[in-house]
Each structure stands twice: as C-alpha cells, then as structure tokens.
Amino acid sequence: MKVLMVNPNTSAAFTLAIQVAADRHKAPGTEVVVTSPASGPRSIEGTYDQLLSSRPSLEVLIPARDQYDGFVIACFSDHALIHAMREMTTKPVLGILEAAVYTACMLAPTYGIVTTGGDKGKIGVRATLRRYGLADRCISIRPAGMSVQDLEGISDKGMRQRILDEVRKAVEQDGAELIVLGCAGMTGLDEELQSALHVPVIDGVVAALKLIEALVGYGLGTSKRGVYAPLQGKELLNMDPLFSKAYR
Amino acid sequence: MKVLMVNPNTSAAFTLAIQVAADRHKAPGTEVVVTSPASGPRSIEGTYDQLLSSRPSLEVLIPARDQYDGFVIACFSDHALIHAMREMTTKPVLGILEAAVYTACMLAPTYGIVTTGGDKGKIGVRATLRRYGLADRCISIRPAGMSVQDLEGISDKGMRQRILDEVRKAVEQDGAELIVLGCAGMTGLDEELQSALHVPVIDGVVAALKLIEALVGYGLGTSKRGVYAPLQGKELLNMDPLFSKAYR
Amino acid sequence: MKVLMVNPNTSAAFTLAIQVAADRHKAPGTEVVVTSPASGPRSIEGTYDQLLSSRPSLEVLIPARDQYDGFVIACFSDHALIHAMREMTTKPVLGILEAAVYTACMLAPTYGIVTTGGDKGKIGVRATLRRYGLADRCISIRPAGMSVQDLEGISDKGMRQRILDEVRKAVEQDGAELIVLGCAGMTGLDEELQSALHVPVIDGVVAALKLIEALVGYGLGTSKRGVYAPLQGKELLNMDPLFSKAYR
Amino acid sequence: MKVLMVNPNTSAAFTLAIQVAADRHKAPGTEVVVTSPASGPRSIEGTYDQLLSSRPSLEVLIPARDQYDGFVIACFSDHALIHAMREMTTKPVLGILEAAVYTACMLAPTYGIVTTGGDKGKIGVRATLRRYGLADRCISIRPAGMSVQDLEGISDKGMRQRILDEVRKAVEQDGAELIVLGCAGMTGLDEELQSALHVPVIDGVVAALKLIEALVGYGLGTSKRGVYAPLQGKELLNMDPLFSKAYR
Amino acid sequence: MKVLMVNPNTSAAFTLAIQVAADRHKAPGTEVVVTSPASGPRSIEGTYDQLLSSRPSLEVLIPARDQYDGFVIACFSDHALIHAMREMTTKPVLGILEAAVYTACMLAPTYGIVTTGGDKGKIGVRATLRRYGLADRCISIRPAGMSVQDLEGISDKGMRQRILDEVRKAVEQDGAELIVLGCAGMTGLDEELQSALHVPVIDGVVAALKLIEALVGYGLGTSKRGVYAPLQGKELLNMDPLFSKAYR
Amino acid sequence: MKVLMVNPNTSAAFTLAIQVAADRHKAPGTEVVVTSPASGPRSIEGTYDQLLSSRPSLEVLIPARDQYDGFVIACFSDHALIHAMREMTTKPVLGILEAAVYTACMLAPTYGIVTTGGDKGKIGVRATLRRYGLADRCISIRPAGMSVQDLEGISDKGMRQRILDEVRKAVEQDGAELIVLGCAGMTGLDEELQSALHVPVIDGVVAALKLIEALVGYGLGTSKRGVYAPLQGKELLNMDPLFSKAYR
C-alpha cells in the first residue's frame, strides 16, 4: 500500500521529522511518501497561513490523487485541505488532529492536548472538536507557549522541558488520562513523554498513518454521498488548467 | 462609513445582485463597495471551491485592509476568508451565514434554512452551526435541489417556485418560525417569500450589512486577543511579497 | 425611527444612565425614548423582583405598542417582558443580555461576562444561555460582588476598580477574548474598560439599540408564527381593562 | 404535612379538577389545599398571560409562605412563580412540568409530551427543557391543537379522542416509551390513556404532589445558597406593603 | 407497600447502614427489606467489581420479582442491575445515583457530588450523567481520596473531616448549591454535613426510597415499551434454571 | 501479533462468522483467536442477557490477559466486559460498536446504524453514543425488526432484503453518508450492501480488528490512569479463586 503524507508548510525540518516517524512506525508492506509544497509559509498558525498553504498543497495533491491508497494532511488543525482532498478521491484521507483524537478515545475516557502558542490554539482546537461532535471527552487543552517554528529546535532541552511541564499539569492537575501532541512539530516526543508520565501519548502523525493502514487494509474509503460527493465541473476564471482536473 | 463586501466567486451576476441588495438597504451615510476576485471558480459549492477562491480574494482583501470600516464575505458558509480577514484587521468582519443566523435568533426562537444542492449543503451547514455553538435553534435545513450556478437564473419562475415550496415545508411541516436564505444567489428573494409565507425571511447579505453598520456605529471591532491575535511574521517561500504585508 | 427603551426598575439613576448612553450612540434619524414604570422595585436581582416589575412595565408597554418601531427591555436577564412584548407586537424587541451576547459572537470566538452579586447571577446567566442555545462560547462568568443598587454609585473609584479586577481575571486567567457587561447599571463603563484591557467590551444597552436600528433598517420584525403568535383573547377576572387591549 | 397547590389561572374548573386529583392521590397524613388567585386570566398560554397571573398569585403565596410544608405551582410551564417562590421559602417548591419530567426519567429512557395549542407550546417546552438541561431524553412533543380553555370541556368525547390520537402517534410513530400530559387541564386523563396505550402516562399535578411528599418526608428543602438565596430588601416604589414582606 | 433494597456488595457494614437509614426515613405503611448477595466483592469500585456482584445479586432479585412493590439498587453508579431489573418487572426500580441527582434538580439549579477514590470515580460519574442526559447542572465532582471499603470506618473522625473538606470546597470554591453523597457508604452523613454547610445534602439511599414511595403511591411503574420491554426467552447454555425464569 | 476476539454469546454460528470475517481481513502477521464462553445466553439483547454473558466471558478473559496483544469484545453494545477488561490489562481493548463508530467518523461527516429488534436497540444505542460523547454525527438509527438469533439465518434471502431495505431508507430518506451494521450477527454483509448502496458499510467486527492492529502497531495501550487504573485487591466472598487473579 502507498500512503502520501503532505506537510502543508515549507519547513524542511518538519517534513524530515514526519518522514522519520513514518518510517519508524509503518507496517511491513506500507510505502510512505512524505512531501511538502513548493511554496508557502514555513509554519501554519492560523487561518491566513492555512489559506496560503492551500494552493501549493493542492498542486501536490491533485496529480497524486490516483497514485496512492490513502492520504494524510500532516497539520494539527481542521485544515481545509482534508475536506478538499476528500471531495477529490474515493480513498481515505485523514488529518492528524482527528486521527489523534479518535485514537485517544479508543484508549481512555478522557484526554488532554498540549499545543503550541497561547490561547489562540486552545480556543481554535475547542471549536474544531465541537464541529466534529467530539468536545465532551477532551478535558484539558494546554498551550506550551512557543511558536510552531520554535519546534524546529525540538532537540533543545529547555523546550522539551516546557512541553513536559504542561503535559504533567494536564495529567496531574486536570486529570487527563492520555495526552495528544498538538503540533506536527512535536513528532517524535511521544515515547519520551510516555516514559515520564506513564500515560499514553499520541503523535497524530503516527496515529494517522496507522489508521490509514487500517482503513486501506479493510478496503474502506471516503463516502462519496453527501458532503464529499464528487465535485461538479464549473468555469474557473483565469486559473491554471491543473485545477480543472479535480472536477469530474 | 465605508463597507467592503467581497463576493468570493467570479459570477458577475451574483456580484451585481449583491450590489443591488446593498444599495437598497444601506443606511444614509454608508458607502458599500461590492467586489469579486480577478480569478477563481464561478460558484462555491464545497471546500475545494472555497480554497480556489481564497487566494484571489486575499489579493483583494489585503490591500483593502486599511481602507474600510467593516468587511463582509458574501458566501453562505463558514468561509475561511472570514477568519483570515479577522486575523488581519481590527475592524468587524462578518460572513453572511453567521449574520443571518444571529439576526434570526433576535426575531424567533427557531428558524429554518433553505439551501442549494442536496444533502451536502445540509450536513455542512449543520456542522458549521455546531462549531459556532448555534445548532440548537435551527430546526429545519432544506436543500432546494439546484446548483449554486442555477441561481444565476433566479428570475426564472420555476426556480423561484421550487425555493418557495421548500420554504413552505420548512414552515408548515417542520415548524420553523423564520426562514434564512442559504445562498448569496438567493439575494432579493426575501420580500417575495415573506409576503407569501407570513414569516420573516432573512437574506444574509443584507443582514451582514446592517450588522456591520451596527458594529461600526457602536465603535466595536474584532477582538485581537486569542484566535484573531495579530499575525506573526514568518518566512514565505516563493510567494508574492503582497502576502507578507498581512503580517505585523 | 422611534425606539422605546424600558428600564423595568425604578432607579432614576439607571434610567438616566441609559438615556445618556442611548443619546451618545444612536444613529442620525433615530429617536430614543427611555422610560421606567411608575411603581416597582428599585433594582431587579431575581425572579421575584422581575415579577414585581412586570405589571407596571406592561402598563407602559401596552399603550406604546403601536407608537414605536422597536423596543428594548433594559435589564440584563431573560426578563419575561421581552417575551410578553413580542407576543404583542410585530416590531423587533430585544433584551440587553441577548443583544450583548449576539454582538459578542460577531467579534470573538469566546467571551466572558462580569456580573453583579455572587454566584446567583452566575448560575442564572448560565441557565439563560443554555435556554437560548448559546452556552458553548461563554467561557467565563465572574460576579463582581456588589449589589445592583450599589451600581448607582458607579462613579465611585473603588467600585470601578472591583469591576476592572474581575474583567482582568476573565481575560487573563480565563482567556476570554471579549467582555460583556452584565448589568444595565454598568452602562458607560465600556470604553474605560476597553482602554484598560485591550479587548472589546460590550454594553448591552448600546448593543440592543444598535441591533434594533439594524433590524428596523432592514425592515424585519418579530416572527408571529409559533411562540410569538398573536395573543388569543380571554376572560380576565377583576383586572384593569387596559390588559385586555393586548389581546387580538 | 400541609401542601399548597396554586392554580395560577382563574378557571374554577381547573382548580376543581386539580383538587380532585390531589385528593385522590395524596398520602395518608397529607393535607392539600388547592387555590387560585382572585384576579387574572382564565388560562395561561404564553408569557403575557403568565405575567398577568403572577401578581395575584403572589398575593396568595406571600401570606402562605410559613403556613405550608411544600408548594406546587400547577401550570405546565417554567412559570416564573416557581422561581420567585423558591426565593421566598426554605420549603420545597415544584412546578408540574419539571415534576412530570423528573418522574418520567425514573421510569423510561425516553418520553413524549402531548400539549395544547400548536407549535407555540412545542417550541416553548423544548426551550424550557434545554434551560433545565433535560432536553436529550424528550423525543416527541405533540400539540393536540386545542386551546387551554377548551380543556374545561375535557369530559367531551371528541376532545379526549384528539388527545388520545396524538398520544398514540407519540408512542407508535415517535417511539416514546412514556407520555407526559402537557397541561394542568388534562388532569385526570392519565389512567384512561395508560389503559389505552399500555405505557405509563404522567399527570404533572399528581407527580408534583407525590414528589413534594417525598421531599418533605426526607426533610429536604430548597437550597438557599446561589440562585435562591434569601431576597435582599429594597425600596418598592408605590407598591402594596404586602410585597415588602417577601424580603428579609 | 413493600420495598426491596439490594446492596450489591457483600459488606455487612454497608447493608446495616442502609437498613438504618431506610428505617429512619421510610413512611408509615412502608416496609423495607435490605439485603445483599450471598457472594461477591466486598466493595464495588469499577466495572469488574460490578460484574462480579451481578450474578449473585440476580439470584436475589429474580425470586423477589413479584414479592415487592418497588426496588432500589443501592450502589452509587449506573449499575447494570438497575437496567436488568427493569427488564424483569413492571414495578419501579431506582439506582441511588439517579435518585440523588433527580432529587437534587428539584431543590437547586446546580449541585456537586463528593465521591470516593480519585479521578476514576469522577470521570465515570461524568460519563454516566452524560448518558442520562443530565450532565449540565452538575458543576462539581470531588473525590475525597478514600477507598469504598475505607467507608466501613465512617465513624472515624478523620475520615468525616476529609469528606467535609471536599464538600466545603464544592460549595465555596465551585459554587455548588447542593451536595450529593457519592457512595452508599456515606449513608448517614447527610444531616451532619447539612448542618455544617447550610446547603441541602442528599443521601441517594434515602432519596431512592422516598422516590419509590412516591412512584408506588401514584401507581406508576417502569415502562415496558422500548428499552425495558419484557425479555424474550432464549436458550441458556449450561446455566442454572433460575435464570430462565426471568424470561417471559 | 496475537488478537483475542470474544463473542460473549453462545451462538456457534456467530462465533464461526466472526472467525471467517477475521481470517479474511487480518493483516499478514496477525493471528486471531475467536472464542466464546462455555455457558450463557445464545444471544444478547439487553442488560440482563449482558450480565448473564459476563461471568463465563470473564472466565475466558482472565486467563488470557497476558497471552494476547489486543482484545475485541464482539457484541454491538457498550458491553460491560469492554470496561472490565480494560481494568485488567495494559493492552488495547475495543468493542465493535465503538470501533465501527470511530471508523465511520473517519470516512464521512454523518452515518446511520441499522440494528436488530425494534425501538429497544435504537434508544439504547443513542444513550451509548451520548455516554461516549459521540451522538452528534449519527443521524439515523433504524431497527430491521428481527431478533438477534434470527441472524443465525443470515443466508436467508428475505432477511437480507429486510436489512437492505432499512439501509436504503437510512441513506435515501435520512441522508446517512455511511452505514454501520448494528449487530455482530450481520458480519459479512458489508460488501454486499456497499455494492448495492454505493456508500461505505462498516462491520464492527472487522473495524475492531483493524483498529487493534493499528494500536498494537503503534505500540499504544489502554491508559492505566483514571477510569482504567489497575484493580485494587479486595475480599471476594464465596467466589472461585480465579476472580481474585484480576486484582493486583
């Protein structure tokens, strides 16, 4: 099976870390290609950044549509690319936020999320969970007070300590039974934190890969009835013909 | 006061209809500019279309950021442009879906929405309302079974009849006390339907304009603490310098 | 356009403050009459007070029914008068709690409310928001520990400081992105607090006035289908004939 | 134990029916007084009627405050008198809507309500359940299409048939496992409907009486901390001194 | 009327305490039998314990099915025996968690629960309330940090102090207006805590008994339509014939 | 990796069908053992049946605790065994209802469930989803009107037609974008229904197996903090020593 993971930002460090995590955890027989767009923002910390990252990511995704068995959008958010890609394919598509949250629900009644930034991420994640109808079991969202780009230096000890501190508070003060890492840039921290805190720690990048393998293994794909019905062709004014290919 | 209304699709018919509605309802002293992007899809019927419409719309919005007192994104959805624009300005910004729904809540305990398309729109609107924490009072969402682009022919009698039929069912069968028009392309139908059904009928285009006038009149703007905090500058790889201007 | 704002308590200080705020913020062309009943409690701090204030307020509202284009009930609660008045008129009617909350939702994903009293107000406001289907986005309700009547001395520096302290906690500790003033007696504090905290601060009195102007400007009124259907005439035992006039 | 049941409307037929039901179901040792106000509307079908009924009912309740062990407000709504009375007493106070709903929850996972009127009652009951945090288990609300006053003629066979028809639909079409009678005027129909439909049918008048007996029997009363804290004395302008007695 | 209360664990101390509470609070004319199974765990602190306690409890309940007017399962949880028993009888059946919570709702808008154990009980109670559609009004769940079996030594002063400390925090810090005792082993503490804190304190054992009296007094029983429909007979492999008697 | 799937009823036909489905879908390298208890009911259609099935199933699960990498309880319900087993192991444990529902959420915004029986299953499933915080996205639950045991004859054409009919209504009338099979006895129908309806159809037996493989592949297990903390040893009166082995 072939899986395409798209890191929608242009941080080479993130793309590499995702590739390392994927290679480490993929099943025998799974081939994972990790890629990122040729242009766009180095980190995604809001809707504007998300929009800037979208067109170059579509330029990667549209030609890849029929070449893979499943797709992962490796950004810890409800990135619009997840939904756009589902409109274009019958294959399974997962974002890493949802993948992490579904996995969390399988292992514990409640969970917490440690994010980057300040209140911004916290409030946005809460709204996303509500949209997905999944807000009830998330009992703690804690920003670790660093920017996404700071996480390029994740090997720095002080930064890891700050993340550990927030995870500890989520577990010990808020009572979270499991922790979800709230940024693709935290990839690789799961085992270290799990050893320190003795609760499961989920990296959405790995969770998404394993769930895609499960879905492909079962033979299931995105529903094409309703929200992800095939796209109706329409006039595109002054746009590259590539974008017309996504329509039926 | 100057208000910018952006129709994010490239249908000239829609842009014109929005201008007509705005001119008809604006307060004395309000100047309304209605515009649309120079490229992109002729209608927006899903996330892919939404993404295609975003970059050209940003090219309109970024330079306009300091030229207006308030902004309307005239697409009946939770269009990402609403949130992106709020990240870029201290002025009020409204989408027409939310504007219509808040207005509805002021006039009736329950309301219904008549949309285009089939189940796709229905399910998407429900998820948006849930994300906004507003799902409880919407007791009917009825697709009228036509594409968005079909609405360019809204002067057609048969099409108006199909919309009227669904509105009637929302009121008489589902018990909706008020109707929200679920597409910018239905602009101008409010009075006709209101006369026929004897319940308030809300066009989100007009609702958004009147609410922007109210907010500007009060002197209120978008909160810059939390989700819409000013954008942090970051490296943009291979992108037009225009897009860097949105950062601090 | 003519708007009637009824302060349902008998505090002349409150009525005056409401008039000052209305005069300051009304649009050109809007005439605002602020009034209060000829009898009743000097402050409204619960359901009993609300009931005492209702009949004398109805004595003001019934004759005014056809004289105004819109109505505001200037009490920060789900005052029964809001609903009773809607049963009697086709014009728009708003309470200041709901007006403030809808306005808040237009400007920020989350908001906090600073109220008078202790836990009483907090729990009551939460139940009201739940009834309105609006509880999800209110993330902080903080009582400032003073009685409603204390607010007649709002010019006192110590009292303003206590309110400021709670607003600051709502923003800095609870993460509220916007503040709603939870009592008509706080009218006039919005700008001062906004300057101090750098988040939007909403006075429901002004918010209600601006929203009524928006609704009247659009030509919308209360739905008369469903909950606010015209009142059915019925026998009134031993009551002033005035009260029969509200029935059809 | 002495229980006071107040029918807040002035229909002698209703007061009598409530007395009959109470006498039939009260426990040995319980004394029930059923009364109604000296003035006010003959039926309560909305907020305006509720407000008209409130002051004369308070004139009954205030002097009775210390004479009874428990109180019932016999109106199928979230009548403001319930909350006002709780502010005035340490004894238990129940409305018949909530009493019926709590009782329903003890006997079945889901229930339906058959009401008077049309959509008005339906939407109002739904909002009340949401306010009480009890909406999830009510899966059917069906108006029987008659006015409250029509129920004075409840001995009429045609009327009983219409109610039976709606109850049957709630059970057979909507899947309700238990039925709540949605008006004090339906008192006495419970056994007849229960025999016909083979599901429990709850008359809120009886449910409230039995629950008050249970609460008094246990020695429990209304919490005086929070929402129902004792009333703070305040100036009452131009009001009968009776109303000052409710304050501490 | 005859009521059977089953303590599903094998702690003789608990069974005795329940009997004392029941005898103290039962109405004249009520006969209460308190019993416990002949085998099983001495305390129930999770699902495994619950399952171990179930078969011996069924051995008590099946033969008693037609001998009593109502049944109480005296374990503060959503014990599966409550639902199993309802499938077997037309009589009312209550667990003490739900009985306490319904009673709480009659006396205060919000309540808190003090439980045994640590976070385990807290998270489990929250999930149960959500399942019952009752989570909105519970604003505090506080574990007192002791095992269920520790409560056999409830006469110990230090233990009572720890419970009192948590109850005080629920009231003073969390704003709970009423307290529910979250374990059958706390039976008998209600009056002492109520005197100390001046809020109603509810023992679910007593609440369940009084509610069963109310239901039986009204003549109501478990709905046999839907979830608690009579059991369909089926083959039981290698089981005691007693268990076949529960089927029709 | 070794996975144990327990069919908690004693239907050999079901156990066989589960084995066939597992063998068909397991990944290379996965060994699946399907077993069922030595005694108990032939089908599980409510809480009583569930309790009867529990002890014999525990007799299978306790000795197997350390022999497998993951566990599936193959009953379409919130079977108490799922939670009891999680208390006893650090390995992942899934029920087939939750496995199917999480999988559904990955592939479509909304889904429907087709169950056995009548309203009983429908109401119970809804309560389970609410408890899990997952109710929002399930928009259709349709009983196919047959008993669980009837499904032993699933090869019968008429029975398959009845299931197909309900699935079609869920999709075409209710708008479900994906279907979940609501009984282990429907195992094997997924592909046939998927071909007929053109929406994904999920068999929880297969979904659970694939998700267990994903969790084990990632190295994740049940959280042992909070609800599933290791069991505290306690006195077991008159019970087989086997049951003491589950405690620490």
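When the chains are written out, they are named A, B, C, D, E and F in that same order, and each has its own residue count from 1.
Methods note: a contact is a pair of C-beta atoms (placed from the backbone, for glycine too) under 8 Å apart; a residue touches a chain by one contact, two chains touch by 3 or more.
Keep in mind it's a predicted model, so treat the numbers as computed, not measured.
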Identity of the chain that, by mean CA position, is farthest from subunit D: A
Cα superposition of subunit A on its sequence copy subunit D - rotation in ° rounded to nearest 5: 180
Chain pair among C-D, B-C or B-D whose interface repeats that of A-E, sharing over half of the contact pairs by residue number: B-D
Length of the line joining the C-alpha centres of subunit C and subunit E, rounded to whole Å: 44
Between subunit B and subunit E, centroid-to-centroid distance (C-alpha), Å: 52
Gap in Å, rounded to a whole number, between the CA centres of subunit F and subunit A: 28
Overlap residues in subunit C, where contacts from two or more other chains coincide: 109-110, 119, 123-124, 127, 130, 132-133, 136, 175, 177, 225-227
Topology of the chain contact graph, where touching chains are joined (line, ring, star, complete, other): other
Pairs of chains satisfying the touch condition: A-B, A-C, A-E, A-F, B-C, B-D, B-F, C-D, C-E, D-E, D-F, E-F
Subunit F to subunit A touching residues, read off their complex: 25, 27-29, 92, 94, 98-99, 102-103, 105-110, 132-137, 171, 175, 177-178, 198-200, 202, 206-207, 210-211, 213-215, 217-218, 220-228
Parts of subunit B lying in touch with subunit A, wherever the complex brings them together: 10, 38-43, 45-52, 54-55, 58, 80-81, 83-84, 87-88, 118-120, 123-124, 127-128, 130-133, 147, 149, 225-227, 229, 231-232, 234-239, 243, 246
Residue ranges of subunit C touching subunit A (in the complex, touch as defined): 109-110, 136, 175, 177
Contact footprint of subunit E on subunit C as seen in their complex: 119, 122-124, 127, 130
